[in-house]
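Heads up, there are several structures right after this.
Each of the next two complexes has chain A plus one more chain, namely chain B in the first and chain C in the second.
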Partner chain A sequence: MSTRTRRLPSLGGRRTLALLAPLLALDVLVFLVPTAYLLRVSLTARTPGGAFVEGSWALDGYRYVTETSLVHEILAFTLFFAVLVTALAVAVGVVYAYAAWCATGWTRTLLLGGAVCSLFTTLVVKLFAVLLVYSPQGLVNDLLRAVGLASEPVLLVDNLAGAVIGQLYIVVPYAILAVYAVLSSLNTQLVEAARDLGADGSGVFREVVLPHVRPGIAVAAVIAFTWSVGAYPAPLLLGSGSEQTVGILVSQLLLARFDWPAAAALSVVTAGTVFGSLLVVLWRLDLAGGLLDA
Partner chain B sequence: MLELDDLTVTYGDLTAVDGVSLNVRDGELCCLLGPSGSGKSTLLRAVAGFEPPDRGRVRIDGQDVTDMPPHRRPTSMVFQDWALFPTKSVAENVAFGPKMRGVGRADRRAAAQEALKLVEMTDYAEADPTDLSGGQQQRVALARSLIVEPDLLLLDEPLSSLDRGLRETMQVELKRIHDRVETTMLYVTHDQNEAFTLGDRLGVMEAGRLVQVGTPEAVYTDPVDRFVESFLGSPNLITCRVVDVDEGPTVETPFGVRVPAPVDPDRLTLGDDLVVSLRPERLSVTAVPAAATDGGTGASVLATVVERVYRGSDVRLRLSVDETELFVKRPIGADGGLAAGDEVTVRWAPDEATYFDTSGARCR
Partner chain C sequence: MSAWRYVREAVHRAAGRGVVAVLLCLLVLPLAVVVATAFDASGAVAFPPRGLSTRWFSALLASSTWLQALLNSLVVATGTSALSTAVGVAAALGVRQLDEGRRRAVVALAVLPLLVPGVIIGVTTLTLFSQFGLQQSYVALVLAHSLWATPLAFSVIQASFARFDWQLHEAALDLGATPIRAFTGVVAPNVRAGLAVAALVAFVVSLQEFVIALFLSGPDTRTVPVAAWNSLRQSLDPVVSVVSALLLVAVVCLVVVVGALAGVGRFASDL
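The block that comes next holds the complex of A and B.
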């Protein structure tokens, strides 16, 4: 008896390259070149006269980032803001996705459609709508007074709450969809088995649903975190001015102060921080057998 | 123990369970037998609390549990695909019930070990359930249900996805465990052999209705209607015509022979159809020359052997009589070494056949 082994037809080296070329070109053009340029600018000397000193090599930008205490505060606030938004977005996303999963028929369609629909609106329109709804004369305050929860208008915008609420409106739909995508693969029989063995609603959620959606939670958290570290419009429009994020500072450095080396260095440091923290999270999840297994 | 009273479950226009009343006795293993779509699984799920009934009551140990949510019922279910929690180890799966009842970690670990011992799975306590074979998962699922000491254990075709050899081993194993724990069990299956092997009693379901309940023997020997007769594996259902009622009921078979049909004459109308069921093991077959000596009490017909299948424990013959096929099952050595093409005489005792009218109801 002879054993025949079938091999996958291997692509010739040249053919592979030809097929990859458009992707590589795109990658180089829209990603590598700008990133390299950003890195290069971050390593130029600062000048009061223009954007940066062409052709110079200096660590001015990084010195500004490491030595200015205001930058430290803004970096710390940005991380705090991103973690807070991520935690809230994941919590809302999980609960919302679970509710949609439990719902049937048109209720489910409505819940999921609502999440998707909010993605159709542009950011600025969405944020101005949030501003109107949450302002002291807005819908939410009317509601709070109507049910007797507040006698005075509650300040929900122009402060941290406003910035967080605004940012949540941006990232929560993605969190919902990320969690729902994983949840939709949950076998309903597992839920029934848990109920049958004595688990009530919270038991089922804790013991069956949460362990199952962990990969979805990881994806939702990564989306919410990376997006919120770069938060710009929400804190700018709905914050008070003391909710300064890295994004706001970079735009000031870039546009108002014309300090490109500092702006570029700050961007590089922020991107590095995000990348590093994601690596740590992924590594932790891998240890726990979570994301990479799933 | 379990009392079902006029239980009815509908999905829109479809009546999945139709007015079922059933009493399961304490410690009994009762099988629900029926083809797929006959409502047996739905009935089981209604008892577990997953399907709210449209009508009727479910009582367990005298307590009405009809409106009780599943997690409060004193029942536990073994699912068809076992539904083990993939994110938990075998021991954690088994310890799930006690955990939900607030039993401490050490105690529930010990209880899980004990339950795993019952199903001979202690070596796999730390294993991932997805790494286990079907039979092993089945054992774990059983342990997970038994650990909560349910008053009533519900099993929804738990062996149907196992291959045949393993299924038979597990049937014996289940029987052993049932004898050991003495838990009342309601067992759903579409497999007649399984129901006969396991069941103290069995209930046959058809189109949502429970048509007959009894011991396997009672159901097999005395089916209430044509559906039960054919579902329990009688292939020889012959539609005959009533040719005499008053002078001793007689029917004419499609192959032209007139035979007596010992049925209450009041049930018969001249010219109507009457279905005669001849069980394969109750037909005797002899080579043609012996046919001359007919005692006159039986009915006989000439037939040709189409196929002879040797099955180790018995011999199956497929015969043809004109257009009609007859299936015969004989013990080894009792078929006289027949081969395909042989001419034979088939004989049966009319009072051992069963008779059904055109609606399928039994005529006695």
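The block that comes next holds the complex of A and C.
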């Protein structure tokens, strides 16, 4: 596909820029500028009378983040929650994507179609479905009792389990497709060769498939982790009061308490933590190169 | 020895299939349950439904707030689809002429918003847009949704451009066609399916988006997911099941159409 354009370089360059301008404008105006503005708001003085003191410079917001112990607890819980969800989502994503890759014909269409449907379904409907199916009177508890795995209803909503299950429904489809996208470039002949050389099913998976999907796993983990650090609706609807995440606190500060410097500072600290920890992890695992390929 | 290995592999394979079947059921069945509750005759949202009825569909049609939400969702999704597809086509044409390094930088910038949680995007856009009185407007929603829809449309279009034989485009230019004429007359007809998929994906992403819309929409611009969320948080209105079923139908239509145009497998790896 690398065909050379035959027009003059300067004209081609200008046209390229014109074609890219809308994308750059959108990302700059709706993403970078608002982010910079949030950074500015995080450095203003807090005021009980409105959102923030216009034009002021202060560290009030950051002081609130560093000095309030409740904020520390919420930050710690959010990171724990995100790591838990990420581990589970990546495990499910790898197993599911590998099964879809191994399957043929209708089975593959069904598995991928299910994942794509779930991906595009609004999380409100998914969380509503989780609420219906996992509640004490729901289908899952009926099944558990029917097969004798539980005599009492198992509490799967309004607690940590509920928040995690709800968040998994949001991130697992992304994890599946991120892994599948990389798997789809795996040569089946490689797997056959490994089998001919005497590897069994789990050997093929460990020695051939897993090394190949590492970039997909990295993308899946990054998406699951960042989205779970920003988790908001799942813990709010399916958790109890103790499953407070940073997202919930930020929206409270912003919309209910009109404390914009604190909300902005907390957002900045969270985003900084996320990107910092991602960089460290990716650097340690040496997966950064693979991430940009996918 | 080899018989033993054969048995062990068969057991492994059966267990693997069982696990995947359970995962598929867990992924999809709750959504089917929601659809079933939409046809429940009683006033409580329950499964299995006690008696079938379409009374809640009538209730939806009789409710001006739900109809307003549907209209808002359609307006915002149409706007997002048009904007994201146009921006995506232009950018996909633009990056073709860039060298490897610059192309990666553009792709990275385009994809970056997808890695930022909705809460953060909602907060940042709300704080800035409210300075211009743009919060709670359709424009704000379309722009914010396009931030997520554009990279997806862009990557679908890019993938379909990669399968197009660009020498045809060269030939059209050599024969004297203007760049616009060469695109509409030669490129577009050949990548029609890709463009349709991109527009559809952008539409559905906007239709289903919730967290950003929660921050950016007001009483007059509330979209369906936000209205459904409000209802879930307060008193559970059975109409929620009905709108959920409608949203699911939209998704299934997308997947079926896309599957027919491009094949689900290719779509799943292009995304």
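Operating definition for what follows: the second predicted complex is superposed on the first by the 261 of 294 C-alpha atoms of A that agree within 3 Å, B and C clash if a C-alpha of one lies under 4 Å from a C-alpha of the other, contacts with A are read in each partner's own complex, and residues count from 1 in each chain.
Definition applied: contacts are C-beta pairs under 8 Å (C-beta built on N, C-alpha and C of every residue); 3 or more make two chains touch, one makes a residue touch a chain.
Computed from a prediction, not measured in an experiment: that's the story for all the values here.
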item	value
Contacts of A:Val124 with chain B and chain C, given as first, second, both or neither	second
Which of chain B and chain C A:Val33 touches, first, second, both or neither	second
Which of chain B and chain C A:Arg46 touches, first, second, both or neither	neither
Residue contacts with chain A in the superposition, chain B compared against chain C	C
Touched partner set for A:Leu197, first chain B, second chain C, both or neither	first
Touched partner set for A:Glu207, first chain B, second chain C, both or neither	first
Common interface residues of chain A - those touching chain B in one complex and chain C in the other	200
Chain C partner contacts - residues on chain A that touch it in the complex	1, 3, 5-6, 12-13, 15-24, 26-27, 29-31, 33-35, 37-38, 41, 92, 95-96, 99, 108-118, 120-133, 138-139, 169, 172-173, 177, 180-181, 184-185, 200-202, 222-223, 226-227, 229-233, 237, 247, 250-251, 254-255, 260, 263-264, 267, 270-271, 292
In the complex with chain B, residue positions of chain A that touch it	187, 189-190, 192-200, 203, 207-208, 211-212
Interfacial residue positions of chain C with respect to chain A in the complex	5, 8-9, 12-13, 16-17, 19-20, 23-24, 27-31, 33-34, 37, 45, 47, 83, 86-88, 90-91, 93-95, 97-98, 104, 106, 108-110, 112-121, 123-129, 131, 143-144, 146-147, 150, 154, 161-162, 164, 166-167, 170, 173-174, 179, 201, 204-205, 207-211, 215, 225, 228-229, 232-233, 240, 244, 247-248, 251-252, 254-255, 258-259, 264-265, 267-271
Sites on chain B touched by chain A in the complex	48-50, 69-71, 75-77, 79, 81, 83-88, 96-97, 99-101, 144-145, 148
